[in-house]
Amino acid sequence: MRIGYYPGCSLLGSSREFDESVRAVMGALGVELVQVPDWNCCGASSAHVLDAALAAALPARILAQAAAAGLDEVLAPCAACYNRLVSAQDSIAKDPRLAKEVEEAVGAPAGRVKVLNVLEVLDRLRPEIQARIQAPYARKVACYYGCLLVRPPRVVKFDRPEDPRSMDLLAAAAGATPVEWPFKTECCGASFSVTRTDLVAKLSGRVLEGAVKAGAEAVLVACPMCQSNLDMRRPEINARLGRDLEIPVLYITQALGLALGLEPEKLGLQRHFVPALARV
Amino acid sequence: MDLTTRSRELLEGGAVKAVIGYEAGRRGGIRPAFVKEAAKAAALVFDGRCTQNLAAYLTRREVKRMGRVALVAAPDTLRALLQLMAERQVKEEDVLALAVAPDGAVTELPTAAAVEEHLAVTAKELKAEDRALLARLDAMTREERWAFWQKELSRCVKCYACRNACPMCYCGHCTMDCNRPQWVPVASHALGNLEYHMVRAMHLAGRCVECGDCGRACPVGIPVHLMAFHCQESVHAQFGQRAGTSAKLDYALSTFRPDDKETFIR
Amino acid sequence: MSRIGVFTCHCGENIGATVDCGKVAECSRSIPGVVHSVDYKYMCSDPGQGMIKEAIKEHGLTGVVVAACSPRMHEPTFRNAVAEAGLNPYLCEMANLREHCSWVHEKGEVTTEKAADLVRVMVEKVKHNQPLHPIRVPVTKRALVLGGGIAGIQAALDIADAGHKVVLVEKSPSIGGHMSQLSETFPTLDCSQCILTPRMVEAARHPNITLMTYAELEKLEGFIGNFKATIRRKARKLDEKLCTGCGLCIQKCPQKKIPDEFNEGLGQRTAIYVPFPQAVPNKPVIDTANCTFFKSGKCKVCEKMCPTGAIRYDQEDELVTLDVGALVLATGFKVMRTDKFPEYGYGQDPDILDGLQFERLASASGPTLGVMKRPSDGKEPETVVFLACSGSRDRAKGVPYCSKICCMYTAKHAMLYRHKVHHGKAVVFYMDIRSGGKDYDEFVRRAIEEDDVQYVRGRVSKIHREDGKLVVKGADTLQGGAPVEIRADMVVLATAVQSQDGSEELAQKLHVSYDPYHFFAESHPKLKPVETNTAGIFLAGACQAPRDIPETVAQASGAAAKVAALFARDELTREPVVAVVNRLPAPTFSYCVGCFLCQSACPYQAIEQEEIKGRDGSVLKVVARVNAGLCQGCGTCVATCRTKAIDIQGFSNEQIYAELMTL
Amino acid sequence: MAFEPKITAFVCNWCTYAGADLTGTSRIKYQPNVRVLRLPCTGRIDFMLLAKAFARGADGIIVSGCHPNDCHYTSGNYHARRRWMVYRDLMDFMGIDTRRVTFSWVSAAEGARWAQLVDEVTATVRELGPYEDYKELALAGVE
């Protein structure tokens, strides 16, 4: 299988381990990732609240680049990138005038490249994953989807919006036991990570507490923002909760990688703030 | 088994009262043949020259009176046969269709289901020249199309050869014959000609099997078939169905979907 | 040769001020075939009508054109007048000089010219008019009521009291419907069963009413006054005549763990059962899907127990055909189930109930005998949250409409809960309070003011379980959208009222129209609220739209009155504006070629096949025939017919063509 | 004299005719160029009527009935709509000026809409001028 790959900025910086683990797992499963040539920012966090045309044009250029490289499908592991790409496609499809404006700005039509998130791609590979498990990730896990993968449901059309299942099924395939818990799509505080750490501590704190209460030994995520908020902001969270939560927060690809027998360093597990390596 | 042998058997065994097929005519031509005796089955031929849609004969009173007949059928003939069944003009048990393969082998299609199955593998495709002319008309401005048809129809003498050739023009009393009121003027002048051909095209919309026999029948060479084709293609594009695909086909213009798209209605 | 009279009306100033009526009359006089043309101040007045009658006699008129107002206004008036003068009423037409001319154009020559044109058009039409005669059809004086809830019961009783036979068909084993499930009713808080069961018994005992429970409509043919209904009586597996309703079989049935529909799954029932103790008829049915004998071939305890030997395992469904003259549709509604709410946990939590489940919980005859116990652990809930508009007015749920009854029953629920759990806390989340109705708003105020129900205006975004509590997260929009979080023991969703399952299929079976939500459509939203577009089929209750009990009962009586009015006559007359297939001498018989492509164009299934037979009985031709009783005169078939064999009286091809050729 | 177009309207009895009645009752003024022919239902409107209207010298045609779902006869308008979808296509194919034919839904409650429709169609057709092509053709029919 050959698929386009759009890492986006997070995966080059704060979430390098997501990039590393996606590449490692895809490599182990025989998937060839073809990076979109000369890719640019997806516009996440800011463009869509400032300028609708820009918010559509930035993803449109990425997709045009992908189309020009002969790619039919592009994997965007970052949930924010995924959401922006899909939303831009949607607004362009619904608004011919916007489509024209964007086409003029980009110099090429938006094309019909299909954008996939990491769970969608892994879901296709589930039989292969199951067949290649070497060291089952035998822990109770809370699968945390956040908001960007499933919302707005009419645009992303992925999984059940309020109670998604895809990651739970993948975790189970890796040998983990997913717990039932009510915070699967609760807000983590997202980009307030920098500006309002107090809010992030409150919101992410509830999520973490929920996971622990449900008996989870690890939280699995598929979004760089969820991961940083639950991991990097742990001191603030713990301060607020008055507890010392040590539950690690892993990308689903890291958990799968471990189960597939890949080395923890190749999966970037040493990069976490809350030690994950020691507990995996 | 070849056509002649099979026809002879069918006639001898009394399975059919006649075989409607083609025979050699004068000057190397081909003409329809109505073979009622086994001894004459040898005259039957089937090759690329046999284009006339013989289904047009099925609704003739003389043929209906014969009882069960075998019909030598090219794909368009089979389509017409199915459409006639859908319009209750021909009963399944009254016709045995004989499809002849290029190597001369005969496939018997005794039921509507068999005909449908046989046709399912041969997609309807318009002839290249018809497609080209339709594309040319499509590319014209409205004024050019008007001029084109006015020029073409000016040659029409209202001989009704097109109507006679058409397997779907079986109505005993055509709108053209209607005189209370006289919808369409009898004389062949510009207005009457336009109205006649538009009525015919509309009446074939959703029913035309696009065999093109009407166009071939025209003595003055008007591409009359294109008007019916255009309506039929319009039906296909908008309602997704083709005439002559099923003996149970609903008539496109007397069925509907509440969500039929209505781009031009204010 | 036509002898047409034209009568131009000034309508006081209404036409006269903008149109030169004298000139119109004068122009009309010169139209070929017009032998008499006058204008007058008020044609519809007695003297005006008198002028028309006089002229018909004096000039031997063969047709009349009244140039006045819209035919939708006064056509019957003038046709009656014409008939009184001995001329066939259908030889009178109206030219609409008022609504379509004088009222919408400025005074002037152009307007007068248009008026003259309109007259000319109608003169040419009326020349081609044929005398027509109203169609008479007999009436079968028996009504079929579909649905045995309060709507159906009320309609059946009213029709029966008017002296007509009624067959009341109910799909479940007992009549009673949703009302029998309710605990108490707003705004009086009287016990639902106490007021309903006497009516159920009355319906069962009424000499004019035949009950058919556990039965459904299979097919309906025919037309007003002359329907033929096929009813499927589902096999109860029991001889109803022998069964005394002693209930021994139910007591002894070993299969006792089946979720109980009447208690909305909150209780359990046996495989042979009556839905509830007051069921009418009080005769059990065997639920073959769950019966041990039907599943494994062994058991037959009920047969052994039955003192009268009434059990019939081999009983089959039975099809019954009935001639009826009218139908009342009273098939009711359903409520949206909690599984349609992902944000509230996909219906997985046992303590998140819908309104009907709460009714059962609060009912003295319910699974808890009316004691407030939450389903998960039987504990008394100390905090209960009620969510109004759950699903209703929510496009994302496909229900943009208001379910109408929820504001009231939510107030009732909160009140009932507070009456049963005095120290309990009741919170209602709402969008608006819609309490229009006699004593309704007072009732809601009582809940708030006397029973201390806390009303929070806002929506709830999520409910999840945490530490044994249901965490209800919402916003209080009267506090600037401040987040509200309530830890509740039980949540009641006032879920949307939806059309009954199978409504669309039923509507199509009956050829009545329905709205996008599959509620049956009334004929006119204001003036014909109980009629459907199919003559002879009437509507009662929530099958048309969400309704409460008083409205349902009122509408049921309305429908019954319509049926009684219909049955007051022995024969019906209908406008003869119907399609007709032409007939000719042999050997043509008709221009119809029998393609029957018109059949699917007919919205009323009025086009039949007729075999024309020779002397020896052989079929010579199969042609279309229009059933004049079914035909409503739309003329869609006429435009479909290639041979022009089919035409419509009153709007015939000749008439319309003549009109068009005048322009 | 300035050109005044002749507009022929085919309308159904239950929606558009009633709607036009309401225009009158509401005293909303509109262009007097239109002549209305009343039919029971749009389903009754034979495509031949449109052809004959042009043949009689109409410069513009209005065809109007009940909105989808509102048909008094449940589905006549749906059948009509299909017929128009194909006939309009054919008219265009034959080179007939489809700008002169306006299909519309006007309900019994839309009195103002009827006035607006007539005014718009009249203005459009006035702009297009007399339908000379067809008038020439029609002359052939008179002989």
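A, B, C and D label the chains in the order they appear, each numbered from 1.
Keep in mind that, in the parts below, contacts are C-beta pairs under 8 Å (C-beta built on N, C-alpha and C of every residue); 3 or more make two chains touch, one makes a residue touch a chain.
Since the structure is predicted, the reported quantities are computational estimates derived from the model, not experimental observations.
Of the two chain pairs shown, A-C and B-C, the one joined by more C-beta contacts is B-C.
Distance between chain A and chain C, defined via averaged C-alpha coordinates, is recorded as 52 Å. Chain A and chain B, compared by their mean Cα positions, are separated by 60 Å. As a whole-number value, the distance joining the C-alpha centres of chain B and chain C reads 46 Å. Centre-to-centre, using mean CA coordinates, chain B is 34 Å away from chain D.
Shared contact sites, meaning residues of chain D that touch two or more other chains, fall at 47, 52, 69, 75, 79, 83. None of the residues of chain A touches two or more other chains. Multi-chain contact residues, meaning those touching two or more other chains, occur in chain C at positions 601, 636, 640, 653, 657. Pairwise chain contacts in this structure: A-C, B-C, B-D, C-D.
Of all the residues in chain C, the ones that touch chain A in their complex are 342-343, 345-346, 462, 464-467, 471. Of all residues in chain A, those touching chain C in their complex are 160-163, 182-183, 210, 213. For chain D in complex with chain C, the residues that touch the partner chain are 6, 8, 13, 17-18, 20-25, 27-30, 32, 35-41, 43-47, 49, 52-53, 56-58, 69, 72-76, 79-80, 83, 115. Touching chain B in their complex are the following residues of chain D: 47-48, 51-52, 55, 68-69, 75, 78-79, 81-97, 102-105, 117, 133, 136-138, 140-141, 143.
Against chain B, the residues of chain C that register as touching in their complex are 588, 591, 593-601, 622, 636, 640, 642-645, 653-654, 657-658.
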